Amino acid sequence: ETQNQGEVQNQGEAQNQEETEAGSGNGEEIILATTTSTQDSGLLDAILPVFEDETGYSVSVVSVGSGEAMTMGENGEADVLLVHSPAAEEEFVAGGHADEDGRMDVMYNDFVLVGPKDDPAGIAASAPDDAVEAFRKLADTRSTFISRSDESGTHQKELAIWEACGIQPEEDWYVEAGTGMGAVLEMTNEMLGYTLSDRATWLNLGLDEDLMIVCEKDESGILYNQYGVICVNPEKNENINHEGAKAFQKWIVSEETQELIGQYGVEEFGSPLFTPDAQQG
Amino acid sequence: MPAAYETERYGMELQIQNLRKSYGTHTVLDIGSLTVHDGGITAVVGPNGAGKSTLLNILAGLMKSDDGEVYYGGSREIPFQKMTMVFQEPCLISSTVEKNIAYPLKLRKYSGKEIHSRVGTLAAELGLTHLLGRRTEGLSLGEVQKTALARALSFEPELLFLDEPCASIDPHATLEIEEMLLKRKREKGTTILIITHDLAQAGRLADQVVLLKEGKVVEACGAEKFFSHPDKEETRKFTGGELLV
Amino acid sequence: MPAAYETERYGMELQIQNLRKSYGTHTVLDIGSLTVHDGGITAVVGPNGAGKSTLLNILAGLMKSDDGEVYYGGSREIPFQKMTMVFQEPCLISSTVEKNIAYPLKLRKYSGKEIHSRVGTLAAELGLTHLLGRRTEGLSLGEVQKTALARALSFEPELLFLDEPCASIDPHATLEIEEMLLKRKREKGTTILIITHDLAQAGRLADQVVLLKEGKVVEACGAEKFFSHPDKEETRKFTGGELLV
Amino acid sequence: MKIIMEGVAEAFRLIFSLDEEVFEVVGLSLRVSLLSLLIAGVLGIPAGIFIAGHRFRGKRLLMRLIYTLMGMPPVLCGLLVYIALMRRGPLGSLRLNYTVTAMIIVQTLLIFPIITGLTVSAARDRQGKIRRLARTLGADRRQTMQLLLFEMRFGLITAVITGFSRGISEVGAVMIVGGNIDGKTRTMTTYISQLKGMGEFERAVAVGIILLIISFTVNTILCYLQKDPGEELRGGHAGGI
Amino acid sequence: MKIIMEGVAEAFRLIFSLDEEVFEVVGLSLRVSLLSLLIAGVLGIPAGIFIAGHRFRGKRLLMRLIYTLMGMPPVLCGLLVYIALMRRGPLGSLRLNYTVTAMIIVQTLLIFPIITGLTVSAARDRQGKIRRLARTLGADRRQTMQLLLFEMRFGLITAVITGFSRGISEVGAVMIVGGNIDGKTRTMTTYISQLKGMGEFERAVAVGIILLIISFTVNTILCYLQKDPGEELRGGHAGGI
């Protein structure tokens, strides 16, 4: 443990030389690997300056797919992760890639099933709040469904729902797009198909001219989209800024920050994009 | 129809009228009237920069004049299929010597047998036989010039423009080439316009000689007259002294 | 040290020994021994493809021979700063005529005044004065060749290699250039090696004449002897007939 | 480094196991980039030769525009084509977004300026001379064009190779208009990009290596077309065009 | 189409309002692509001239490799550099991933083969003749190189423009090693890509247009360096190199 601290200090010195590169504060940089939804929704832009001002760390946000964010963690490329695929996160922690505190809940929003306004599968009428039933209808009517197919949090969630239906979709109507949420929503809009999206990206893209939410707020909680924060195990390599990561983790679950998160989006969309749910204490 | 004929013959002669070419304020060619006889050899001589190549390029349709007309057999169009030219800086297709000589024949869809025989004859006459299979890269400049000449002679052009074709050719080969040109004139009635700095060559070949200077025709007349009793003092000065054989 | 001297003088002469160059099985140059006199003019003559340009290129260090040695004043290195060459296909820097002539002087860090005066004199001698400001694109071939010559003469090379420098130059200018070369030889002791197809020119200029044929030296001797009573029948045939002035 | 070694191993495993998914992706990549190359070449080479051979007002400006379009960001090009082809856009009724056709369109647009620009550069010095030669030998239009193409083949092949390189390697444009749909519009580059996003670096490197191998093969074939006689021989190239 | 018109309007609004974020992004893009261009040019032009001017075993193979690397997918190049620079990798202690330095490295690697390949193509026919001329006039090594650069400036500038185009326009490589970090490694292309993902098409098009304007400006400056004397004049170019 003491050896570990020595390393952290060394690295702090090295980083001071990079001060101009890092830009602000005392120049210490932390790399936050996160999913596109947190950045593209504008949340991080809104709250991160507060952290940087308070602590003097400078945060480099690398927004990638959840899959890659986890890989970055596994490789020790990132210092801290903010991601939304709880199952994969548990695996990550179990694999010893996290530090001793493991993962912490930060916030959630929810997934929504989006489809064309004329809703050919008739989901809005018959299963507006039952995701499993809605997916079954999609399969029954063979309606075009665009899948992220990129092992992102959203994709994992979609697979979980298919599994709950006992269906393994792989026919023509099931389009495996392998790209980001924004692009997939665009594609859904173009093809007038259905897709599963996180609410933030959906709201942000403003595609409600031809598309609408056909299914949301499933009672069972299956559409729940939980975000967690994980500090990367500092023993992975000597370049990890564990102190900064811990500071970030502590800050994002703090009461004040949680409040900030809860307020984000109220102004623009009328309702918050994320609901904070960190356990205090 | 052009008016001023300087010759009694009337056929496919080349008639030049008021040909002018300038670059900016610098006039490099300004020919009032000139006739190149049908079926004869006309030599164009004159100092460097006189405009000789410019004249040939315009006649061959490779360059536009600023003004003036060129008539060929009364028409304003020189049929480019029946005409050919050897450039002052000869230029070969990057292939073999044989393919170069055969190229105009191929373009004109001659039979393979005909092509083979013509190429063989020409190569023999010009001493190129041992080079036929050689690629053009690496040929000596004289060999290049010979190949270009053979290529120009391979089909039978009505009009042959030669821009200093023997400049890099050795003296013996030069005499042979002169023989070939004279034979062409005799047997096929080819009209030949040749630029040369070799006054002796002009004397050996030409029926008509044109002296060009600073873009203007100083004198244009029969070879005999040109060399022995020209009208202009300038011509006498140009051909005079130790230069004339 | 080389052994066979064909001359009584011993200075900065060029000595060639066993020089050989082949392409595949085709030998284009094979010179047993040849000496180019210091401070004299040597003319190299011979049919097209004889290997004349190849020889000059090797001497100027532009090409490697397969075998053999070249000594200059006893040393195996020709100091390239003191040597220059005019190519058979002359080649100018794409700039103005003036800048071309001045270029070797600039490389040698001559003063601006000196450059200006030398360029002016040379241009006047070669009739290039009105072209000094012109860009090289669009020059006539004769003008190009004159510019290349002026450039070669602008500094005072010890060794001057000229590959048919007058091929495209008009007869009067040719005579003037010959004068300039003779003056260089007389006044500066420049060693000049000139390839020419113009036997009359070789006769006017050369102290020594070399006849090359198929890569071999047929005869190399004083000009007087070469033209009037050569040792070899082949030489007589080459210079004979109507070709010799 | 371990990742890269594993990527190389994986690449060979994929090739030799005839992995069907990979083969499909490779096939589509080649189809898209070769077809766009063909279209862009057939249009761009004559366009380049024409521009090089004519004098007209605004020629320099045109050249600078072409150079600028050579640097058209694929993402922007993709986006513009995407917008034009959107359901609500002017060409929406064609329903071309997310089809191979759209990918070929967008790559053609990317490659065309490159081939045109490099052709102009290759033709600049020589086409006048070649044209004059062809004319004096009696070549008609078609024959003149043949001679031009033959004599300028080095420069043209370089242009074509550069165009092909751009096409096969870019990801931004085909990702936007194609959408990386499995079995339909997934190319090697969009697949690499997806694999990278999924954190599957080894497989990403493997597909990348396969791409390079294919690129090398295509270039070898194109270079073969030049029929390079070897080096420039001896002291210069007498009488060369 | 409406989107595009609005994009154009937005572009001018951004330019004239001196939008700070956009300026920062533009500045970084230019810094990265010009610096990599400089490094790649300083290495690639001499390399290309050297290759063109020498005969050696494996030269053709080398050329085909260079052509292949011209088509290196930016995503792959980015990924390989990323792997090499990973913290736990051999160069990890340099902490270069997600820095501007890494972006310059990766773009240099992308541009270098392009400049080298096109330089070889430009130098192929002429460098021998220029070298021989320089030697006969008594130029030393440095002076010979100067003459080479001057005489081949058209081909070289085309190579440089093509290299610059590649750099300024590509997104895959800089996205991976740079990470599109706001205020630190965000370039025009990564920004366009992000904006596109966020559905902000107008702004994406606007940034794209700014990129094209900048590209046009740089090309204009580079073209100016050619000092084009205009057209090839009259019937050929007597005595040209």
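Think of it as A, B, C, D and E in the order they're written, each chain with its own count starting at 1.
In this section, a contact is a pair of C-beta atoms (placed from the backbone, for glycine too) under 8 Å apart; a residue touches a chain by one contact, two chains touch by 3 or more.
Since this is a predicted model, take the numbers as computed values, not measurements.
Asker: Moving step by step between touching chains, how few steps can get you from subunit A to subunit C?
Answerer: Between subunit A and subunit C, the shortest chain-hopping route counts 2.
Asker: If we look at subunit A and subunit E, which chains touch each of them?
Answerer: Chains in contact with subunit A as well as subunit E: D.
Asker: Counting only C-beta pairs in contact, which chains form the busiest pair?
Answerer: D-E
Asker: Report the chain whose CA-based centre is farthest from the CA-based centre of subunit E.
Answerer: Centre of mass proxy via C-alpha means gives B as farthest from subunit E.
Asker: Between subunit A and subunit D, what distance separates the C-alpha centroids? Give it in angstrom.
Answerer: From the centre of subunit A to the centre of subunit D is 37 Å.
Asker: Between subunit B and subunit D, what distance separates the C-alpha centroids? Give it in angstrom.
Answerer: Whole-Å distance between the two chain centres: 46.
Asker: Between subunit A and subunit B, what's the gap in Å when you average each chain's C-alpha atoms?
Answerer: 82
Asker: State, to the nearest whole Å, the distance from the C-alpha centre of subunit B to the C-alpha centre of subunit C.
Answerer: Going by mean C-alpha positions, subunit B sits 29 Å from subunit C.
Asker: In subunit B, which residues are in touch with two or more of the other chains?
Answerer: Where subunit B meets two or more other chains at a single residue, that happens at 23, 53, 62, 87-89, 138, 140-141, 143.
Asker: Subunit E: which residues touch two or more other chains?
Answerer: Each of 129, 132, 196, 232, 234-238, 240 in subunit E touches at least two other chains.
Asker: Residue numbers in subunit A touching 2 or more other chains?
Answerer: Residues 180, 183 of subunit A each touch two or more of the other chains.
Asker: What residues of subunit B sit close enough to touch subunit D in their complex?
Answerer: Spelled out, the residues of subunit B in touch with subunit D are 60-62, 80-85, 87, 89-94, 103-104, 107-108, 135-141, 143-145, 147-148, 151-152, 155, 161.
Asker: So in the complex, which bits of subunit D are touching subunit E?
Answerer: 1, 3-4, 55, 60, 63-65, 67-68, 70-76, 79-80, 83-84, 89-90, 114, 117-118, 121-122, 124-125, 128-129, 132, 154-155, 158, 161-162, 164-166, 168-172, 176, 188-189, 192-193, 196, 201, 204-205, 208, 211-212, 215-216, 219-220, 222-223, 228, 231-232, 235-237, 240
Asker: Spell out the residues on subunit D that touch subunit A in their complex, using ranges where they run on.
Answerer: 86-87, 97-98, 175-176, 179-184, 186, 190-191, 194, 196-201
Asker: Any idea which subunit A residues touch subunit E in the complex?
Answerer: Touching subunit E: residues 14-15, 18, 21, 23, 31, 36, 39-40, 45, 60-63, 75-77, 180-183, 185-186, 204-207, 236-240 of subunit A.
Asker: Quick check: in the complex, which residue numbers of subunit E touch subunit C?
Answerer: Those in contact with subunit C are residues 129, 132-133, 135-140, 143, 147, 150-151, 229, 232-234, 237-241.
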